[in-house]
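Structures given as structure tokens follow.
In what comes next, chain A is part of two complexes: it sits with chain B in the first one and with chain C in the second one.
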Partner chain A sequence: MTKKVINKSDISKLLKDANNEYNVYVPMEHIGGDVLFSLLSKENNTLEDDIKRINLSSEKTVNSPKEIFYPQLDTMMEYNDKGEIKETVENSKKLVFGVRPCDFHAIAHQDHFFSKDYEDKYYLSRRDDSLIVVIGCNQPPLPNECFCTSVGTGPFLTEKFDIQLVDLGDYYLVEIGNEKGADFVNKHEKYFSAPFRDEIKHAESTKLEAEENVTLKVNFNKALQIMKTEEIPQDNLERIAERCIECGACVYVCPTCTCFDVFDDMKDGQGVRCRIWDTCVFSGYTKEASGHNPGAKKEYRAARRYEHKLKYDTLESGISGCIGCGRCLHSCPVDIGMSNFIKEITTNQKYH
Partner chain B sequence: MKNEYIPYPAVIESLITESFDTKTFKVKFADKKIAENFNYVQGQFMQVSLMGVGEAPISITSSPSRKGFLEFSIRAAGKLTKKIHELKVGDTMFIRGPYGKGHFPFEEIKGKNLIFVAGGIGLPPLRSLINLVMDNRKDFGNVKILYGCKTADEFCFKDELKAWNKTPNTEVLLTVDKATDDWKCRVGVVTELWKDTDIKEDNAVAFLCGPPIMIKFVVQKLEGSGFTDDNIIMTLERHMKCGLGKCGHCNVGDKFICIDGPVFTYNEVKKLPKKDGAM
Partner chain C sequence: MIKKTLTSCIYCGCGCGMYLISDGNKLIGTQPSENHPVTKGSLCVKGWNAHEFGNKKSRLTHPLIKENGKFRKASWDEAYKLIADKFQTAQKKHGNDSVAFFSSAKTSNEENYLMMKLSRAVFKTNNVDHCARLCHASTVAGLAATFGSGAMTNSIEEFERADCFFIIGSDTSSQHPLIGSRIINSVKNRGAKLLLMDPRKIHLSQMATVHAQHKNGTDVALLNGLMHIIIREGLEDKKFIEDRTENYNELKELVKDYNPQYVSKITGVPQEQLIEIAKIYATTRKAMIVYSMGITQHITGTDNVKSCANIAMLTGHVGIECAGVNPLRGQNNVQGACDMGALPVCFTSYQKVTDENVRKKFEKAWGVTNLPAENGLTVTEVVDGLGSGKVQALYIMGENPVVSDPNQNHVIECLEKANFLVVQDIFLTPTAEYADVVLPAASFAEKDGTITSTERRCERMRKAIDAPGEAKPDWQILGEFAKVCGYDKMMYDGPKKIMDEITTVSPHYAGMKYSRLEPFGLSWPCLDDNHPGTTYLHKDKFAKGKGTFMPRPYIEPNELPDEEYNFLLSTGRIYWHFHTRTMSGNTTTLEREAPVPYVEINPADARELGVRNGGKLKVTSRRGTLELIATVTDKVCVKSCFIPFHYIEGPANILTNNAIDPVAKIPELKVCAVKIEKV
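Showing the complex of A and B:
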């Protein structure tokens, strides 16, 4: 694998250059201190401000990069009262900079999901011309919730990435994973230089330390095994159902949740059909026109989410629907989360 | 890449008011090329929409043996379906599909006796197969059609019911939950019809469509009459938003009803997780 180094002080210059060719998405600080994946401004007067707000430290973005390719609200088509329909597909060239390794695995999961059976043009055209630059995690961004080492999705990637950065203090070691990554680095070669042997060594030891720094461990494989062969204990489901306030936070921050609702909106002869994220934890999710609601019981809705991610996704594609990012536990007001669920079914203790 | 979400205009050629809440629409694709290349299989459905109102899954009730048009029987259940009921001949609706890998078998059931059991708006999807069988009548044994509604004014396809009943070796049996004075057939739930005809697993396959509670009791009856789980075939209904296995709404266990169904054998249905309310 080809390796380079880049000085951290050159990152903003690199991103500004890239901003001429790509739509650049990067973790940015927002009012209140939340770090969110955001689009770098194309306007000179606001670009400088955006650049200052970029945060590539070990902060985890509240949102996952999912919404770059699959926005929460997406217009699918425009139409008028003459019955003329125009599809609205977005296909800009994108650079997504600063994706965490677990979230990169989630993108691979999404790529598979949106291509199988029927190709989802909205997702795939957004994703088509995109370059992803991953930053490995020296420290777990959510120290109490990240459990990537148990799932095998981090804290660094070993393959399949375009570019992966290893944080070495004042500079990054740049690992180039494929031709797409190489093209990008070559195009901006003035910012990149060849690494010294020390730097490569430093990166290797950083990766080993990073592995140690992820302290939350769960028995993920045992959980998958149990899910494949056994029913989730009723008691477990009931306790989740009792506490869940159905806010939907866990599914909105989840980098692999894909469910959506579709609605039309029309005014003065012009209309749009849109899709909007929806979630199986909401009670109306499965309600049918007859009033019959097969998914009405709350504990079954809880089961559905865990089974889908841990059992059915793994059985179907070999890719787990949970990537260990920890966002669900971090965002849940009542401390329900995938890692707690896994702990409960693999040990006999209660964690929430 | 084809955009599967984009619907195509289809013009209403004729419409029949079946009952107080159900109308049958005969439509043709406005685009001749699309019309010519369009094929479907009995038991599949389309996503039917009105721009500005919404989209819903609707079974194709016409038989693939009758080409050049599509028929939908639509019950006014809510926002979209009520608006569709306001449409007139010559008006346009928008459709995409057909969807559902799980459809009714045809070649496989040749030579067999067939039992159809429908409740309420459950007859339209079965009708696609029934008329396909009628158009190939000599290839099949006895055909029994058991059809129950809440009240007599809910029955659809009244002329066809009579015509099917007149076809040799074909029997149509009706029942209502609540009878009016002029009702001459049976009163009671659809399983009551077992009293009026001899139903046995004698080289027979049963096809079911109706509300979950009906399905449950009919399956019990059929099992009592000796049917195996593979010879009980049903359509499952689920809230659906895409028909493409993407929106997630119809997901049950490892299946998506929209693409893996909507037709399943009872054997397959039994394997779905019970807690997801498959039945």
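Showing the complex of A and C:
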């Protein structure tokens, strides 16, 4: 694998250059210090301010970069009563900079989902011409919730990435994973230089330390095994259901959740068809035309979510639907989360 | 161009900080703020979907004028002139108080301030009110009388550390989800005690230490009974009573009669439960009372609130961290709308219109003379006034009384009789259908301003996207209209300038300059530019000096079941919808979860009526009748039923009673008598 180094002070210059060619999405600090994936401005007068707000330190964005390729509300087509249909396909060239390793796994998961049975053009057109620069996690961004080492999705990637950055203080070691990544680095070669041996060594030790820094451990493989062969104890599900206030956050923030609902909005012969993120934890999700609802009970719906993530996804693609990012626990107002669930089924202790 | 803008959620009073994501043309997503002290990376389902409704093609985009029963598009200028002419003519013929204004708890502080300024400075009437009349008017009256300040005494963060929650008449986890979640976490993670008093089984019932299902409308008896036990057991806080309160002997005298046996008979709560609740509440230091519409929406709403204040003072559970009396406000800015004086009796900061010095101060600030000195009419009285001719013209901003007010047939009859009606909203609501002029307003996502959440937190709302068509922010509409009426001191560069003016005339808000509200706002009182805001009220001293015990006797609800109307009906909100569904009904996920109106009845009653879950029932009160789907559930007691009030397709308020609390004028939406038949 080709490796380079880049000074941190050159990152903003690199992104400014890239901004001419790409739509650049990068974690940016907003009012009150919230860090969110945001689009760099194309306007010169606001670009400088945006650049100052870039934050690549170990802050985790509330939402993963999922929304860049699969927005929460996406217009699929516009139409009118003359029978004209205009599909709204977004296919800009994108650079998504600063993606966390777990979230990169999630993108791979979504790539698979949105192309396995049929080609979902709304997703794929957004995704096709995109370059992803991953940044490894020296420290877990959510120290009490991240459990990537248990799942095997972090804190660094070992393969399949375009580019991965290793934070080494004043500079990053740049690992180039494929041709797409190499093209980008070559094009902007003035910012990159060859690493010294020390730097490569430093990166290796940094990665080892990073592993140690992820202190939340769960027995993920055991959980997958249990989910494959056993029923989830009713008691676990009931305790989850009792807490749950049905906000849907666990699904909305989940980087691998893909369910959507479709609605039309029409007036005076003009219409628009949109899709919006849906959530399986709501009862209406499974309501049948007859009025019967197999998912009427909350505990059933909780079970379905865990089964989907830990059982069906694994059976279908060999990859689990949970990437250990910890967002479901972090955004749950009542402390329900995948890591707690896994601990419960693998240790018989109560975490909910 | 994708842009993320921090703003404040439009739904309940929690005041969550959220980012709206815009693609330049429409809103495409919502994300919670990580660092906002209430939100902390979470939202409820309504918050997560707050971006959708504003995009709808059915948004109002042009002023409309009704001609021959039909709306036609009009210019702003034409609309303003017509309204000005009609209002001024009405006043010439029938006097200043023949016009009225409904402000809105869904609009900003600045807009509420301007609405009351319009009413008082331009039209010289105190006939300005808003929907707090239907939710917490009794709180404002009851807590002002006992404590001197009608707002939540604690902050939301304190729920994370309280050891006992005394919840009476609040379905907290469903109506204030990010407060409810703190209660759930405190109970589940820390073993906090949950004392729940609610006639219905709600989500929190499952984890309650005690759930007393008292009969609807017996709250005063219940609270008096608890105080009787506390005094009998010697658990009152004698030092607190001595040092910080007055009128204790009168309370002691009154609750003497409310022994457990008597109270149990009135409320239906077993004596052991009464004793357990009284003991746990009195002996836990960090104990907070949490209440909402179950307390306030009664003809004894003010009495109920006073009784909550009484029990808190009796035990010394107020004026300290994590203990107090917490009325949860149900709209994002209903606290602010009250603070801004969108009430018929006061200017901002509850400064009374009857006080000459106060009037002089505002006359000077606004450059006017002869501000009206008499208290104005309330929402409920204005509606009646339209019917009787006392009120000729009404200007409604962001309210929907056809769905939200009691006794719908009566409301519609009055609106039809109205000489002239203006409705300013984001959609053509059922109320707007009755209007002579409809003005298109910008939604919360389309304007700047501030709101004040239930914890008295004044925080920014920020513009994320342009309003559709010719729609404008309410503050701009009100300013332009005032100018057409001949008053030009309501034209501002923007909400910041309006807030600058508010700070000069409102002691609570004196330090609330925009520059200080970054990033997540301040809680009032905020008395000057250096004041840090106030997390909990009444520390060391009540706002009014000494806290006043206001003992109240139990009075029965206005209308109870009898032989003919043999069911007790209670109405309220459900989790998936908000108020009159103007917003939530235009949100796909929320509408899918709860698409149709229904009536909850107990399985025993369903058997007797021969109806299954999903069958049809006819519900009739003395005021109207409705056909609804039956939801058979033990959430409601035998011979009780519950109907959500959100739906124009099955308006619960066709049935409800418009009997009102004599002090706060709040209607008794929580109790009336109905009969139920199978269809």
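As a convention for this text, the second predicted complex is superposed on the first by the 352 of 352 C-alpha atoms of A that agree within 3 Å, B and C clash if a C-alpha of one lies under 4 Å from a C-alpha of the other, contacts with A are read in each partner's own complex, and residues count from 1 in each chain.
The rule we apply is simple: a contact is a pair of C-beta atoms (placed from the backbone, for glycine too) under 8 Å apart; a residue touches a chain by one contact, two chains touch by 3 or more.
Fair warning: this is a prediction, and the values are worked out from it, not measured in the lab.
Colleague: In the superposed model built on chain A, check whether chain B and chain C fit or clash.
Modeller: fit
Colleague: Touching A:235, do we find chain B (first), chain C (second), both, or neither?
Modeller: In the superposed model, A:235 contacts neither chain B nor chain C.
Colleague: Quick one: is A:49 in contact with chain B, with chain C, with both, or with neither? Answer first, second, both or neither.
Modeller: neither
Colleague: For A:204, is the partner it touches chain B (first), chain C (second), both, or none of the two (neither)?
Modeller: Neither: A:204 stays clear of chain B and chain C.
Colleague: Look at A:316 in the shared chain and tell me whether it touches chain B only, chain C only, both, or neither; answer first, second, both or neither.
Modeller: A:316: touches chain B, not chain C.
Colleague: Regarding the shared-chain residue A:246, is it in contact with chain B (first), chain C (second), both, or neither?
Modeller: second
Colleague: Quick check on the superposed pair: does A:278 touch chain B, chain C, both, or neither? Answer first, second, both or neither.
Modeller: Both partners, chain B and chain C.
Colleague: Go through the superposed model and pick first if A:77 touches only chain B, second if only chain C, both, or neither.
Modeller: Once the two structures are laid over each other on A, A:77 reaches chain B alone.
Colleague: Please indicate which partner A:263 is in contact with in the superposed arrangement: first for chain B, second for chain C, both, or neither.
Modeller: both
Colleague: Between chain B (first) and chain C (second), which, if any, makes contact with A:34: first, second, both or neither?
Modeller: second
Colleague: With chain A's C-alpha centre as vertex, what's the angle to chain B and chain C, nearest 10 degrees?
Modeller: 80
Colleague: Can you report the least C-alpha distance between chain B and chain C in the superposed arrangement, rounded to whole Å?
Modeller: It is 10 Å, taken between the nearest C-alpha atoms.
Colleague: Under the contact definition given at the top, report the residues of chain A touching chain B in one complex and chain C in the other.
Modeller: Residues 261, 263, 265-266, 278, which sit in both footprints.
Colleague: List the residues on chain A that touch chain B in their complex, please.
Modeller: 76-77, 79, 81, 83, 85, 87, 89, 113-114, 116-122, 124-125, 258-266, 271, 273, 275, 278, 280, 285-290, 292, 294-297, 299-300, 303-304, 307-308, 311-312, 315-316
Colleague: What does chain A use to touch chain C in their complex?
Modeller: Listed in rising order, the residues of chain A that touch chain C are 30-36, 38-39, 41-42, 62-63, 67, 71-75, 242-243, 245-249, 252, 261, 263, 265-268, 270, 272, 276, 278-279, 282-284, 291, 330-335, 352.
Colleague: Using the touch definition up top, name the residues of chain C that touch chain A in the complex.
Modeller: For this pair, the touching residues of chain C are 1-4, 6, 17, 19, 21, 23, 26-36, 41-45, 47-49, 51-52, 55-58, 173-174, 177-178, 180-182, 184-185, 188-189, 203, 206-207, 518-520, 575, 588-589, 592-593, 614.
Colleague: Which bits of chain B are touching chain A when the two form their complex?
Modeller: Interface residues on the chain B side: 1-7, 9, 49, 51-56, 77-78, 81, 92, 94, 211-212, 237-239, 241-242, 244-249, 251-254, 259, 273, 275-278.
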